[in-house]
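Below, subunit A partners subunit B and then partners subunit C, in two separate complexes.
Showing the complex of A and B:
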């Protein structure tokens, strides 16, 4: 059983599983978002987690001081995701029946003063957080290490937990892409959301049925592309950034057969059976054409689909193309990851001479 | 004009005071800025020297030698009659890879880039091979490694006579 879970946890299998579960969750949010499902989920997950923790290797990973906050966050995140789906499901049922959302009921529209209602709550939260941090600091020693040394790196060298998704992303991309361009697009895209999404539905109340595309695409980027990568980067990456299953001992000498090939080498040497051209642009021409086509043809192709037409009519030209551009940039991450896992593709466009690798 | 009016500040005096005050303020700001700028440079520099004498060519056996890794960040790799000084900075994001003697490869702990003994990348995200430093034989017959000059394989610089010594 543990062997099976280790095998399933490999990104090539766990990523599709996680993606599938995510879409099932969104598809059947009315089933997931019930108290019954919540209680059953809790009742089942407690013995499962206890069984996981019975394994010394798994326990060693989750009790590593750096990983404690991530454990807490995963538990909170699971609960909050369920809670939001629960509230969405409740409201959507009411809206279907022709009633107003729960937030719009007269008793919930009552206004109260910030002082003392809010300030007292805040005071309590401040005290509780301080106590929590003090207790935490006493129980778990700060994972401090020796002074920095430019000629030595810890193994594995891990970023702070909130950057581990980014570090996992860097495994598949050039540092310029995963370190600068993609985070930049993420930040700009998040800023752009209120300007792109002008759907007034869902203001001040939970609903899924009235804005399925917005919620699904956001949660896909958040849960599947960010949280999943943080989990992989935190718990499943050991020495030499090699993949280790949750029950696997972090053996420094684990050998992984891994040989990455650029797209240009694939096409010229393996398929066309000719030596690589000397001209750089000619050498990478397939990758360049592919990338340009991906960025320019797909937005127009998306207009042919039913969802695309509806969205175009609702949001207008500029909003639509900005949304589609951000969306295909987001999708480039899973595409590149799957290509790496399936055919060991290193770079689609590999121009190390110009420091440009896609 | 009455006496007490003369005692108060007239326009010309006001501007001369203002000039003095403004110049002092500017000078103080500039001085503070200069101090802050100076502060950003360390008094003592603990960085390793950019060039060093790496012993005699006969000191090295076939394979990877790690004796200068901690001091200078250089691996000496002797292979097929050539001795090269390989940089220990990963070309992906600048981490420090480890030499794994059992697997005969350099492996970066940050994102899993792997390099052959020659320094050529073959796994993980590293886009190009490790860099070589300039290496030469001094008049006394010792090896001198100069880290200010790097040779990059993807630019075809590894054939350059300064990038290796024949042993």
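Showing the complex of A and C:
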């Protein structure tokens, strides 16, 4: 059983499983977003987690002090994702029946005094948080390792947990993409959200039915890409950034076959059976054409689909192109992951001479 | 003492009245005064929609982030009394903090609080997205929020170096090596090779963005000082200003979001 979970946890299998579960959750959010589902989920997950924790290798990694925050965020996120879907489902059922969302009911629109209604809630939350932080601080000492030594690097050298999604991206992209361009696009893309999403519905209340595309694409990036990669980077990457299953001991001598091939080598050598051209641009021409086509042709192709047509009519040319551009940049990560697993693809465009690898 | 309780007597003293100019908040007039007349409480509106005070709606993550930010400011100030940002003293000061300060959990609260703030900021953004609260008229405030999120991560990242242990310098080495690969601005990034006139290299490891960040070619003492100033003074000041704008705009854009 533990062997099976170790085997399933490898990104090549766990990523498709996680993606599938995510889309099932969005498809059947009205089933997920019920109290019954919530109670059953809790009842099943407690013994499962307890069984996981019975393993010393698993326990060692989740109890490592700097990993406590990621445990906390996983637990909170599971609950809050369920809570928001529950609230979405409640409101969507009401909206379907021609009623207003719960937040718009007259008793909820009613104005109440900040003192005591808001101030006392805040006081309670502040006291609870203070107790929580103090208890956390007493149980777990802040880590302090040996003094800094520039001549000896620990293995693995990991960034803080909230950056491990980016560090995990380094497996699939070069630093200029994983560390600079993609984070930049994430920040700019987040700021751009209100200007791209012109749907006036769902402002100030939970709903999924009135904004399915916005919620699905945001949650895909947030849960499936960002949080999933952090979990992999935190719990499943050991020495040399090699994959280790949740129950696997971090053996420094684990050997992994790692033989990745560039697209240009595939085309020139394996398919056309000729030596690689000397001219750099000619050598990488297929990858360059592919990348440019990905960024320019896809937005037009997407216009042929039903969703694309509707969105274009609603949001106009500029908004539509920015949305599709951000979306395909986001999707470049899962695409690159799948290509790596299927055909051991290293770079689509490999120009180490210009430090330009894609 | 027979007719009036002690609390009532205290309320009637000149000292009490000089601090709190209104009576107990048990009627409409005083409930308005208590919020409007207090510099801390006046961040709140006097009255607000009921949906905006429900924990199930707001998850209280934004307010919690602000509270943790304040807690980090206080614990951080206390830590500054014991800490010198030099390669010679930094690590030993942390050891001393651990061994000689009785009941010392300030470093623990500061460190776990920093992680908690990252969590609450992320969950705040998650909630704001799920309730569509970034939609007009709150687009600008969403943008301020995203910048605050980035600054929270930078605060946490710069603080990570200060204990000056193996965890610190190697986490920062991994992180700052990415800056080396910035297109055109890092010496290991695409486009840097183009910035060359004859033998004169314009972007090298002695002047690129990583050098500016670390004040050197590797994580050394100048980087420690730079991160210390960024962590304790520069970023908190910027964050403080942006928090003021963020809160101001929450109020000006109509308070906590609710159905139109």
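To be clear about the criterion, the second predicted complex is superposed on the first by the 348 of 358 C-alpha atoms of A that agree within 3 Å, B and C clash if a C-alpha of one lies under 4 Å from a C-alpha of the other, contacts with A are read in each partner's own complex, and residues count from 1 in each chain.
Assume a contact is a pair of C-beta atoms (placed from the backbone, for glycine too) under 8 Å apart; a residue touches a chain by one contact, two chains touch by 3 or more.
The structure displayed is predicted, hence computed values, not measured ones.
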Based on the shared subunit A superposition, would you classify subunit B and subunit C as clashing or fitting together?
fit
Now for A:211: first (subunit B), second (subunit C), both, or neither, which partner does it touch?
second
Identify the partner contact of A:200: answer first if only subunit B is touched, second if only subunit C is, both if each is, neither if none is.
second
Quick one: classify A:96 as touching subunit B (first), subunit C (second), both or neither.
neither
Subunit B versus subunit C as contact partner of A:157, first or second or both or neither
both
Of the partners subunit B and subunit C, which touch A:174 in the superposed model: first, second, both, neither?
both
Subunit B versus subunit C as contact partner of A:69, first or second or both or neither:
second
Would you sort A:242 into first (subunit B), second (subunit C), both or neither based on which partner it touches?
first
Tell me which of subunit B and subunit C touches more residues of subunit A.
C
Rounded to the nearest Å, state the minimum C-alpha distance from subunit B to subunit C in the superposed three-chain model.
5
Subunit A positions within both the subunit B interface and the subunit C interface are 149-150, 152-154, 157, 167, 174-175, 179, 355
Contact footprint of subunit C on subunit A as seen in their complex:
66, 68-69, 72-73, 76-77, 80, 83-84, 87-88, 100-101, 103-104, 107-119, 121-122, 125-126, 129-130, 133-134, 136-138, 140-150, 152-154, 157-163, 166-167, 174-176, 178-181, 187, 190-191, 193-195, 197, 199-207, 211, 215, 218, 222, 351, 354-356
Applying the document's contact rule, which stretches of subunit A touch subunit B when the two form their complex?
149-157, 167, 170-175, 179, 239-242, 253, 255, 258-260, 346-347, 350, 352-353, 355, 357
In the complex, the residues of subunit B that touch subunit A are 47-48, 69-73, 88, 91-93, 95-98, 100, 102-103, 107-112, 114, 122-125, 127-128, 154-155
The subunit C residues in contact with subunit A across the complex are 25, 28, 31-32, 34-35, 41, 44-57, 59-60, 63-64, 67-68, 71, 87, 91, 94-95, 98, 105, 107-113, 115-116, 118-119, 122-123, 125-127, 129-136, 138-139, 142-143, 146-147, 149-150, 153, 156-157, 160, 163-171, 173-175, 177-183, 186, 188-193, 218-220, 257-260
